[in-house]
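Got a structure here, written out as C-alpha cells. Questions coming.
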Amino acid sequence: MSASTGTGRFAAVALIAPLLVFIAVFFIWPLFTVMSQSVSDTAVLNLLPRTAQAAKGWDPESPPTVEMKTALAEDLQAVEDRQALGDMTRRLNSAQPGFRTLMSRTTRALRKDDLPDLGEVDERWNQPVYWQAIVGALSPTTDRYLLAAVDLERDVSGNIVAMPEEASANRTIMLRTFWVAALVTLCCLAIGFPYAMLIASTEGWKRQALLGAVLLPLWTSLLVRTAAWFIILQDNGLINWMLTGLNITSGPIPLIFNRTGVVIAMTHVLLPFMVLPIYSVLLSIPDNLMKAASSLGAHPMRAFLRVLLPLSLRGIASGSLLVFMTAIGYYITPALIGGAGDQMISSVIAFYATGSANWGMAGALGVVLLAITILLYAVYGRLSSAEERRG
Amino acid sequence: MFQGLRLVFAIAAVTFLLAPLLAILPLAFTSSVFLTYPIPEFSMRWFDVLFTAASWKRAILNSLIIGAGTTVLATVLGTMAALGLRNWRLPFKGTVRTLFLLPMVVPAVVLGVGMQVLFVRLGIASSYAGVIVAHTVVSIPFVVVSVIGALGGIDRRVELAASSLGASPLTVFRKVTLPLAMPGILSGAVLAFATSLDEVVLTLFVAGPNQRTLARQMFATIRENISPAIAAAAFLFIVGTILLAAIGLIVRRQVAARRGLQKSES
Amino acid sequence: MSDLRIRFDHVTKCYGTLCVVDDLELDIAKGEFVSLLGPSGSGKTTLLMMLAGFESPTKGRILVDGEVIDNTPTYKRDMGVVFQSYALFPHMTVGDNIAFPLQMRGIGKAEIAERVTRVLDMVQLSAMRDRWPAQLSGGQQQRVALARALVFEPRVVLMDEPLGALDKNLREQMQLDIRALHNRLGLTIVFVTHDQSEALTMSDRIAVFNKGKIEQIGSPREIYDHPSTRFVANFIGETNLLEGIVDGAAGNGVRVRLPDGRHIAAAASDTLADGQNVLVSIRPERIRLDDLHGGTNQLAARITDSVYQGNHLRIQLDEGAHNFVVHLDRKAAQHQPGAEVMARFQPDDCWVIRS
C-alpha cells in the first residue's frame, strides 16, 4: 500500500515489531545466555564479596593481610547454599590443588568457633599461593571454558598451553564431528549430484516421481526416519535378516551403534539438501550448452567436465555447505544410531548441560559450534545471493 | 549401456530414499513385541497401546496442544512480520529477514542450552508456555519464507486497482491481499505444526515430564526400550503427512481452478 | 557431382505417430548456402538437429562427403552449429569460448592463440577477447557464436535462426556479414530461418518446408518469380491468385480462361494440357494501374483502399470476381478510393501454378 508515507512505514514497523521482540527475547537472548555462560565465572565472587573488597590492592607476592583473613572467614560463615560452596571449592581446587581439604577443614572449624584466625585453623592460609588462587578466581569473567573447549588451558603464570592428553577430549570430538560431517557431505554429493542430473534429464511423470522420492523423506518426521533406520540396520534388522537368510553372511554384520550406521542414516536425512540446490542450478543451465559443446567436438565426458560441472559448481557448493553445516550440529541421529565413539559435539554439549550441569563447558562448546555454523551460513548466504544476482 | 547404468542408479537411489519409510510401515501391525522382521502375525495391538497406554496418550495430547499453540503463535507473528517486510523500505530489511531465518540454521542443542538456562530465570521452564515458545522460534522461518513467497506472487497493481476503486487500505488488505496470500499463510501454518510435531531437541531441554510430546516419547522409546509402538506412531505420522500433502494439493488445485489457472504457480 | 557435400536420403523423423520430417530428399553442394524456410513446426530445426547428430532419423540415411554418418556421434561430425540463443559458455571468456573447439582437437597453445586472434579479427571483436559473454550485446554474442563455429574450419556450418533475436538493423548488417564470410571462405552453410526476406537476401538456394516436406527448392529468383505450388506462392511474399483453366497456348506461355470467360496470357514452366485447372499468380508490384482501355491482360476495377506504407503505396482493388492487392510507387498519389481504374500486367509477370 502506501509505503512511502509516514503511516505506511509506521504500519510496517508495527507489523514487524512483535516478531522482532519475540525473536530478541526467545532466540537472541538464549544464544546470548550461552555465550555469557561460556565466559562467566562467578562461583567464587558470588560467595566472597567481602574478601574481594579486602583483597583490593593486595600484593600477590606478600603474605595475606589480617583483614583478608577476617573477611574470608565472615564470607564463609555467611554461606548457606552448600551446593554453591561445593561449586566454589571445585573451582578453586582446579586452580590450586589442596583447596578441597583446606575448605572442609576451614568450614568445619568455622561451624564450631565464632571467628577464628584462619592462619591457626590451617597453616596454608598463610601462604600466598592459596590467596593468589582466590584472587585469580574473583574476576567475574574467564576464558578457561573457551580455552578448554579447544583443549587449552592457562598455566600458573597465565600462559596459554595445551592441556595434558588425558585431561580433555574436546579436540578429538571436534575433529570427529568434522570428519563425520565431511563423510556425510561426501556421501550426499556422491549420490545427490548424479541424482540431480538424473532428475534434470528426465521429463513428465518420471521427473515428478524422482522429485517425489526426494521430497517425501524430507516431509517425513525425522524421528520416523531414524526409527526406520533402526529397524533396517539393527543386528536382527532387515539387512542382516536378508543377508543371513540368503546365507551371504553367517552372523549379523554390525551396522548400528557405529560410524557406518550414523553415516548411512544422516546421508538419508540430509540428501534432499544436496539434491535440491544442485537440481535448481542444473535446471538453470540451458541444455543447448551441452549440445554446443559436443558440436564443437567435445567428447561427452569432456563436455561434462568443462561445461556442466563448472556451471553446477555453485549448486554443489551450496548443497555441500548446507549439508555440512546441518551435519555438524546434528544431535538426534548420532544419539540414537551412533555408538559411544560416534558422539558428536552436540551430544557433548547436551551431556555437559543436562548430565553434569557444567554450564560453562556447555556454553563454551556451544559458542564454538555456533561460531562455525554462522560462518558457514555466511559463506552460504554469499553464494546464494551471488546466484540471485546472476539469475 | 549408459542407459542401463542410469536405470540401475535411479532404482538404487529411489530405494535408498524410500526403503526406510516402507520398512517401518508394516511393523505397525506386528503382533510381536520386537521391532523386527519377519512379522509373525498381523495385529492392531500397538495401536491399542498408542491410544490406551497413559504415557503415549498423554504424549499425543501434549503434541496436539503444543502443536496448536505453536501454529497459532508462529502463524500470527510470522504473517504479520512478512506483511511488514513487504512494505518496509528501510536498508535493514535484508538483515531483519536473515534474523528471522536464523533459527533454522542455529544448532538446536546450542539454542536448547541457552533456553534451558534462560527459561528457568524467566520462570517458564517445564511449562506448556515455554515449550510452545521454543517450538515457535524454530517454526518462524517456515512461516516467514512461505508467506513472503506468497506475497511476492501478488501483483501489486491488483491492490492499487482496488484502492483506486475506492477501497480503504484496510479493506484492500482484507479483500485483496489476505485472500491472495492465504495459500501461503496456510502452508506456513501446516509447516509450523509439522515442525512442532517433530521437534525433539528443544523439548529435551525446556520441557518437564508433564510436557512430554509424541516426538519426545518416540525418542525415549528408541533410546530405551524400542517397541513396535513406535512403528505404530510412525504409521500415524506418515499417513498424516501424506494426508496433509494431499489436502494441500487439493486446496491449491481448487484455488487455482477457481481463479482460472492464471496464477497457479505462485 | 563431385562437389556433393550433404545428402538426405529419404530421411523420415517421427515422434510417436507424428512424422515431422517426412521422406525428405535434399542434396547440398560444397560451398553452397542453403536456407531452410518454412512456417513454424514444419520440421526445419528437426532436420538440422539430425544433421548435427542431436537426433537420429527414424528412417533413411544422411551422407556427408559420401559417408553415412548416422552412427557418428555429434562430437566427431565436424560441424559448426550456431544456435538461436547463441549457447555461449557463460563461465568462459570470449577468447576461451572460441578456443574451446580447438582445445578439443588437441591443437597446441600457440596455434590456438593465433587462430583465435585471426577469427576475432574477422568478426571484428578483437577488443572483446577477455570479456565475459554476459558483458556483450546481442549482436556481439552472435558474432562470438559465429566465430566459435567457424574457428575449427568445420565441413559444414549449421545455423538455426541465428539472427532471430536481433533488431532489424543489426539483423540486416549481420546478414551481409555472414554472406560476405561465406563468399570469402567458401563455407558450406545450412541456414534455418523464418524470415523470407532473410532467405532471399542470403541464399544460393532456398528450400521451402511445409509439414515435413520440401515444397520447392531453388534459387531465390526461382522461388519468388516461379513458385511451383500455391503454398510457396503465398508463403514467399504477397501475391494475387486467380483460378482458371488452361485454354491453348499463347506465345511461349499459355492462355488461361477465368471462370467468367475472360482470358489471361501467362508464363508457365512446362507444357500444360488444355482444360487443366490452374492458378495464376501475379505479384502486387507487377501490376500497373491506368485508365486506358484495350490490350490483353487487363481488368477493370475500383479502388477500395489505399494505404501509404513508406516505400510503397498499397492499394486494394475490387474487380467484381476478385480482390487484388497492388503495390505502387509511393509517388502515384493520385489514386483515391472509389476511383475506377484498369489493372494491367505483362504476360511474363503472370505465373501459372498447377492446382
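Note that the chains are named A, B and C in the order they appear, and that numbering of residues resets to 1 at the start of each chain.
Everything that follows uses one rule, which is that a residue touches a chain if its C-beta (ideal position, glycine included) is under 8 Å from a C-beta of that chain, and two chains touch if they have at least 3 such contacts.
In this text, all values refer to a predicted model and were calculated from it rather than measured experimentally.
With centres computed from Cα atoms alone, the innermost chain of the structure is B. Of the two interfaces, A-B and A-C, the higher number of touching C-beta pairs belongs to A-B. In this assembly, the C-alpha centroid of chain B lies 59 Å from the C-alpha centroid of chain C.
Each chain gets one centre point, the mean of its Cα atoms, and the points for chain A and chain B are 24 Å apart.
Chain A and chain C have centres, each the mean of its CA atoms, that are 68 Å apart. If you check the complex, the residues on chain A that touch chain C are 286, 288-289, 291-300, 302-303, 306-307, 310-311. Contact residues of chain C toward chain A in the complex are 52-54, 73-81, 83, 85, 87, 89-91, 100-101, 104-105, 148-149, 152, 158. On chain A, the positions that touch chain B within their shared complex are 1-4, 8-9, 11-16, 18-20, 22-23, 26-27, 29-34, 37, 191, 194-195, 198, 209-210, 213-214, 216-217, 219-232, 234, 236-238, 241, 268, 271, 325, 328-329, 331-332, 335-336, 346, 349-350, 353-354, 359, 362-363, 366, 369-370, 373-374, 377, 381.
Remark: chain B residues 6, 9-10, 13-14, 16-21, 23-24, 27, 34-38, 77-78, 80-81, 83-90, 96, 98-100, 102-103, 105-118, 133-134, 136-137, 140, 159, 163, 169, 172-173, 194, 197-198, 200-201, 204-205, 215, 218-219, 222-223, 226, 230-231, 233-234, 237-238, 241, 245 touch chain A in the complex.
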